[in-house]
Amino acid sequence: MAARLGAALPGAVTRATDEWVEVVPERVQEALRWLRDSEEFDAAQLSDLTAVDRHTHFEVVYHLQSLDLNHQVVVKAIVGDHEAPALPSAYPVYKGALLQEREVYDLMGIRFADHPDLRRLFLWEGFPGHPLRKDFLGIGGGQTSGLRRFPNEDRADPDRQMNRDNLTSQEMPREAGGHGSEHVASGGH
Amino acid sequence: MESPGIILAFWVLSAITVAGCLLVMVARNLLHALVFLVLAFLGMAGLFVTLSADFIAVAQILIYAGSIAVLMVFAIMLTPLAVRDNANSLYVLPALAAGLGMAAIIGFVAVSTPWAELQGDALKHNDPVTTVAAIGDLLLGRYVLPFEVASILLFFALLGAIVLVRERRNDGDPS
Amino acid sequence: MATTSDAANDTANEPYVLNIGPQHPSTHGVFRLRVVMDGEVIRDLDMIVGYLHRSMEKLAEERTYTQNIPFTDRADYLAAMSNNLGLCLAVERLAGVEVPERASYLRVIFAELQRIASHAMANGTLVSDAGAWQTPLLYMFREREKILDLFEMTCGARLTTNYMRIGGVAFDPPPEFWPALQELVDELPARIDEYASLVQDSEIFLARTRNVGVITAADAINGSLVGPALRGSGVPWDLRKAEPYCVYDRMEFEVPVGRHGDVYDRFMVRMEETRQSTAIIKQAMAQIPGGPHKTDIPLALRPPAGEVYGRVEGPRGELGFYLVSDGTPAPYRFHIRAPSLINLSLLREMAVGVSLPDAVVALGSLDIIVGDIDR
Amino acid sequence: MSRAALPPATPMARQILDHRSLLQRARTLPGEARVALALLGIMTVAALAAVGYLVIAGTLDGRWYDIRDLGNGTSHLVYWMERQGWHPAIPYLTTGLLGGLGILSLVGGWLVIGSWVERRLLAKFQIRQGPNRNGPFGLLQPIADALKLIQKEALIPIGADRLLYYLPPVLIFIPAMLGWAPVPWAARMSYVDMNVGVVYAIAISSLGVLAVFLAGWSSNNHYALLGAMRTVAMMVSYEIPISMTLLSVVVLTGSLQLSQIVAWQQQYHVWLIIVLPLAAFTFLFASTAEINRTPNDIGEAESEIVAGFHTEYSGMKAGLFLAVELGNAILVGAMMATFFLGGYTLFGLETWIPGYLILATKIGAVYFVFVWLRGTLPRFRLDQLMGFAWKFLIPLAIVQLLVVAVEALVIEQSGLPGVATVSGAILVNALLTFFGVRAWANAIGYRPEAGASTPILTTAVGGLRAAARLQAVP
C-alpha cells in the first residue's frame, strides 16, 4: 500500500510498516483523498481519528475503512512540533472528521487547518492546557504520567493471577438467583 | 325592567367598561392595553345582556374578546420589539380631533334620539321567542342584500389575505 | 428602558435562540443543543457536549487494563456488556490471550442480550420523542427488565455490569440462569411483534418519521455513521458479519438494511435487529460447550509494546478501542471510538432547515448516550 | 429455597406479600358482619322496589323530592319564596348561588379525583401501577399533590411582566367555569338554559386563547413563547371546524339551545353521533386541539418545548393550568355528550336513573377516550395539524353542513315519518363520511399505508456498491 501511495503522491510517504503507513503531515489531506478515491483501496469511511502524545511529537492516527472491500487502512501523520502542533483537516475529505478533530484539538491541542468549526468539544474555551497531553499540568515531570508497575505487585505472590479465585483473601458470598439468599459456601482456595 | 338588580348591574358594568377604556389609554405597555381592551369588551357584553340582547352579547364576546383580541396579539407579535410600548405618536392632535368629533356625533345622536317612544311596550307586542330567530329572519329576509354584500366583501378580503402572504416558490408545500 | 430606535426597527429577523438542554426531556441526558430558529424552522444548530466528561482516556493511563474494564461500563451505560467486550477483545489481541470457547459463547449471549435491551430503550425513547407519552417506552422496558434481571443474576449488577474479563468472563452463569434465558427467548419474538404492532403502522408515527432526517448512503459512509444509523441508510455493514469476532462466524443471522435512510428506517432496523439477536441467542444456547469460562492472566498484564485497534459491533455501532502499549501494566494511550459522538457528525445537516419536532425525532433516532459522547 | 421462608426485604415487598384481595377479606368477615351486610342488602332492594313503584305510579313526578331532576327542588324553592312575597331578587340570587356552587363543586370534585383517574388509567395502559401509596388505591394522591403545589414558593422569572404573569392562571380558569352554564344536566336542570347556548359555548372557549398567549409571552422564556404561539395558532384554526360542526348540529336540530338539541335526540331516539359521525369525529379531534391533549398537544409537547406556555409557572400557578386542563377535558366531555351522545337521556332510562348521573357517565366515557388517546398515540407536528384542520376538516365540515341543511329541510317539512327521514339522513351521512373522507384523502394525496416498509434482510457485507445492489432488488 505504501508503495502505491508513494507512487501516486511522490514524497508523501515517510515510513511504512505492515500495519500502517506514515505520511508527511502537510500532505495528509491529499493522501486521505487519494485513498478515498482510489479504486484499489476505496477507503470510504474514516472510522477513527485520534492522536497519541509521544513526548517529543504527536502521532495523529487515521483508521480508514473500506466497506465494500472490507479492509482497513491505517495512516499516521507524525507532527513534530510539540508546542504548537498543526496539520490539515480531514474534514474536506471525510465529514465524519468534524467532531473527532474537535475532540483531538480539545484534548491534545492539535490544530487542524481549514476545519470549519475548530472549537473545544468537551471542555470550555479557556480551559488551561490539553488534558491528554503527557505533560498536562506538569504531571510526571516530562516522564509518562502512566503506571510504571502495578501498585502491590512486589509485595504479593509473584505468581498471583487474575481471574483465579484468589484475588481476594476472603470470597464474597454471592447471590445465586433473583430472590435467593443461599450463601455459596466458600470453598477455600 | 327597572329592577334594582339591573340598575346595579348597569353601573358596575359601565364602570368596568369605562375603566377598561381609560386604562387602555393610560397603559404604556401594548399588551397591558390589550388586556384592558378585552376587559372593556367583556363589560360591553355584559351591558348587552342587561338589555336582553343575548345574541349580541355572545357575538361581542366571540368576535371582539375572542377574535379581535387574538388578531391584535398577532399584530403586536409581528411588530418589531422596540415599538411594543404605547409610545407618543405623531398623530396625537389628529387623533384627538377625530375622537372629539366622534364623541360629538354620539352625543348628538344620544340627545336627539326620541328614546321615550321606544321605552314603552312597543317591543312586547310582537315579542319574539328568541332574539336569535328574529335576527336570523331579518338577516335572511329584509336585509339579505347587505348580508350577502358583506359576506362577499369578507370573502374577497380572505382571498386577498391569502394572495398577499403567499410565498412565491415553485416547490410544493410539504404536507 | 429602551424606546424606539432606528436600529431596533430592523428586528424582523431577530434570531430566536432556543437552548434544548442540558436539562430537557428529549436530549436523553445532559446534552445541549443551541438552536437558532425562525418560527418553527431551525436555521442553525450547535451542540454543546461535555457535561458528563470524565476524561476517562486520561484516567485509563494510570490503571491496568483490567482496572479499566469498569470505565467502559460508564462510557455507554446502556450497553455495558458490549463495551466490556470491546475492551477485552482489544486487550486480548494486544497481549495474545486465548479465550476459552465457553467464554466466547457467553460473551455472544450477553452482548446480544445487551443489544436487545439497548435497542428497546432506543426505540422506546424515539417513540416517546415523537410524542407517545411513555407507553411504548414502558412496554419495551418490560423485556429490558427481564434482561437486566438476567444480568443481575449472573454478575450482580444491572447496568454497570463489569462482567467481561480479559481472557473470559467473570462468572459462569448460575444454574437458574439458563431456564430463565430460555423462557425469555421463547417469548421475545411475540413480544417484539407486539411492540412493533404498537407503533410501526401507526399513521401518526409514520407521518412523524417517514422522510424525516434522511441520510443518503453516501453521506452516511462519508460522515462515519455506524450501526443502525448506517444500516438504516441502506448500507449492509455489520462488524459481526464483516470481521466476525467471538463465535459470530458460527451463527446464522441476517443484517437488516433500511430503504430510505429516514428515522422510520432506523427504527425498523433496530426492531429487526432485536429479532435477529434473539435468533443468535437461541443458536448460542444450543451450541454452547462446557469447560472453563476464563483463562488465567497475570495480575499485572504487560502486553508487548505496540498498538491495536479492536472493535465490536455495539448496539450503537462500531465501538472501537485504540490501545497503545509501552510494555507497562497500564496503557500508554487508551482511546474509545465512541459511536454516539461520531454519529452526531451529520446532525447539523439533518436538522437545519427542518422544524423543531423533526429535529428532535432525528436526534432520537441516532440513539445517543451522553456517557458515550462525553466519556 | 422457597420465597415465603424469607422475610421480605423492603417495606414495599412486605406490602405486596401481605396484600389480600377484596374477596379474601370478605371471606374472613365475622358472622355478625355478614348478617348485617345481608340485612343491608335486603333493605336496599326493598327501598329500590319502593322507589320503582313510585316512579311507575307517577306520584313522584315533579315533586320537590324528585331527585331525578334537581330542577324540581329548585323550582319548588323559588315558588315557595315567591309565595312568601319576598323581593324577586332573592330567589334569583339564591338559585344563582345554588347553581354556581353546584358547578364549582362538580368541577372541584373532578379536579380532586380527575388527576388520580388519569394517572391510574395511564398506568394501566403502560403496564405499571400508578399512584397507590396515599390513601386507599392512592386516592389521596391529588390532595397531596395540591398541598405540595400550594406550599411551593411563588417564583417569578427575571424579566417577566409581573401583571401579565400573574393574570393568565386566573384568566384561563374563568372560561373553564363559565362554559358549564348552558349544559343541561336533566330536563329542567341547567344553570342558564340560554337560547344561544351553542354560540355561547364557542364564545367562551375562544376566551382561553388570550390567557394562553399572555402566559407564554409574559414568562420571558423562549419555550413558553413558542408554545404559546403554537397553541394560539392551533386554537384559532381549530375553532373553525368546531364552529362548522356545531353549525351542522344546530341546523339539523333547529335550535341553538342545548336542551333543545338533547330533546331532538330524545324525540328521534337516536344519538347525533350516529346521524353525524363525521361531525362528531371532527368535534372530538378539534377539541383535543383546543384543550391541548394528545395527539394534538403540540402546545406543550414535552419532548420539544418542555411544557409549552406554562414552562415557567411553578407552584399553584402551574397547578391551576393543570387543573384547567382537567376541567376543560370534562367540559369538552359534557359538550360532546350533549351534542352527540344524547346528553342526559339514555333511551328512556332517564325516567329511572337521574339524568345528571347519565350525563356524568357519558362525560367519564369521553374522558376515558381522552386518556386512552394520551396513552396510545404519538403527537402530530404543527404543520401537519394545521394542514389537517385547513385542508381536511374544514372542507369536509362545509360539505357536511350543506348536506345537513338539505336533510334538516326534509326532516322538518316533508311530512314523512321521522323514522324514515332520520334513517335516510343517517344513511346519507354514513356514506358521505365513508366516501367523502376517502375521496378527499385521495384528492389531497394522503396515503399513510404507502409509508410503512420493512427493512431488507441480507447476509451481504459491503458499502455503497452493496447498498446499490440491495436497493436494486425489488
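Per-chain numbering from 1; labels A, B, C and D assigned in written order.
One rule holds in what follows: contacts are C-beta pairs under 8 Å (C-beta built on N, C-alpha and C of every residue); 3 or more make two chains touch, one makes a residue touch a chain.
Bear in mind that the values here come from a model prediction, so they are computed numbers and not experimental data.
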item: Of A-D and C-D, whichever chain pair has more C-beta contact pairs; value: C-D
item: Chain at maximum distance from chain A, centres defined as averaged CA atoms; value: B
item: Inter-centroid spacing, chain C versus chain B (mean Cα positions, whole Å); value: 60
item: Inter-centroid spacing, chain D versus chain C (mean Cα positions, whole Å); value: 41
item: Centre-of-Cα separation between chain C and chain A, whole angstrom; value: 20
item: Touching two or more other chains - residue numbers and ranges from chain D; value: 383-384, 461-464, 466
item: Multi-partner residues of chain A (at least 2 other chains); value: 44-45, 67, 70, 180
item: Of all residues in chain B, the ones touching two or more other chains; value: none
item: Contact set on chain A toward chain D in their complex; value: 42, 44-45, 66-68, 70, 179-182
item: Sites on chain D touched by chain A in the complex; value: 1, 3, 6, 461-466
item: Residues of chain C that touch chain D when the two form their complex; value: 16-19, 24-26, 37, 40, 127-135, 138-139, 142, 199-208, 210, 217-218, 221, 231, 233-238, 241-242, 254-260, 264-265, 268-269, 272, 355-358, 360, 364
item: Parts of chain B lying in touch with chain D, wherever the complex brings them together; value: 3-5, 29, 31-32, 35, 38, 54-55, 58-59, 61-62, 65-67, 69-70, 73-74, 77, 129-132, 174-175
item: Footprint of chain B on chain D - complex, ascending; value: 88-89, 92, 161, 163-164, 167, 194-196, 199-200, 202-204, 206-207, 209-210, 213-214, 217-218, 229, 232, 236, 256, 383-384, 387, 391, 444-445
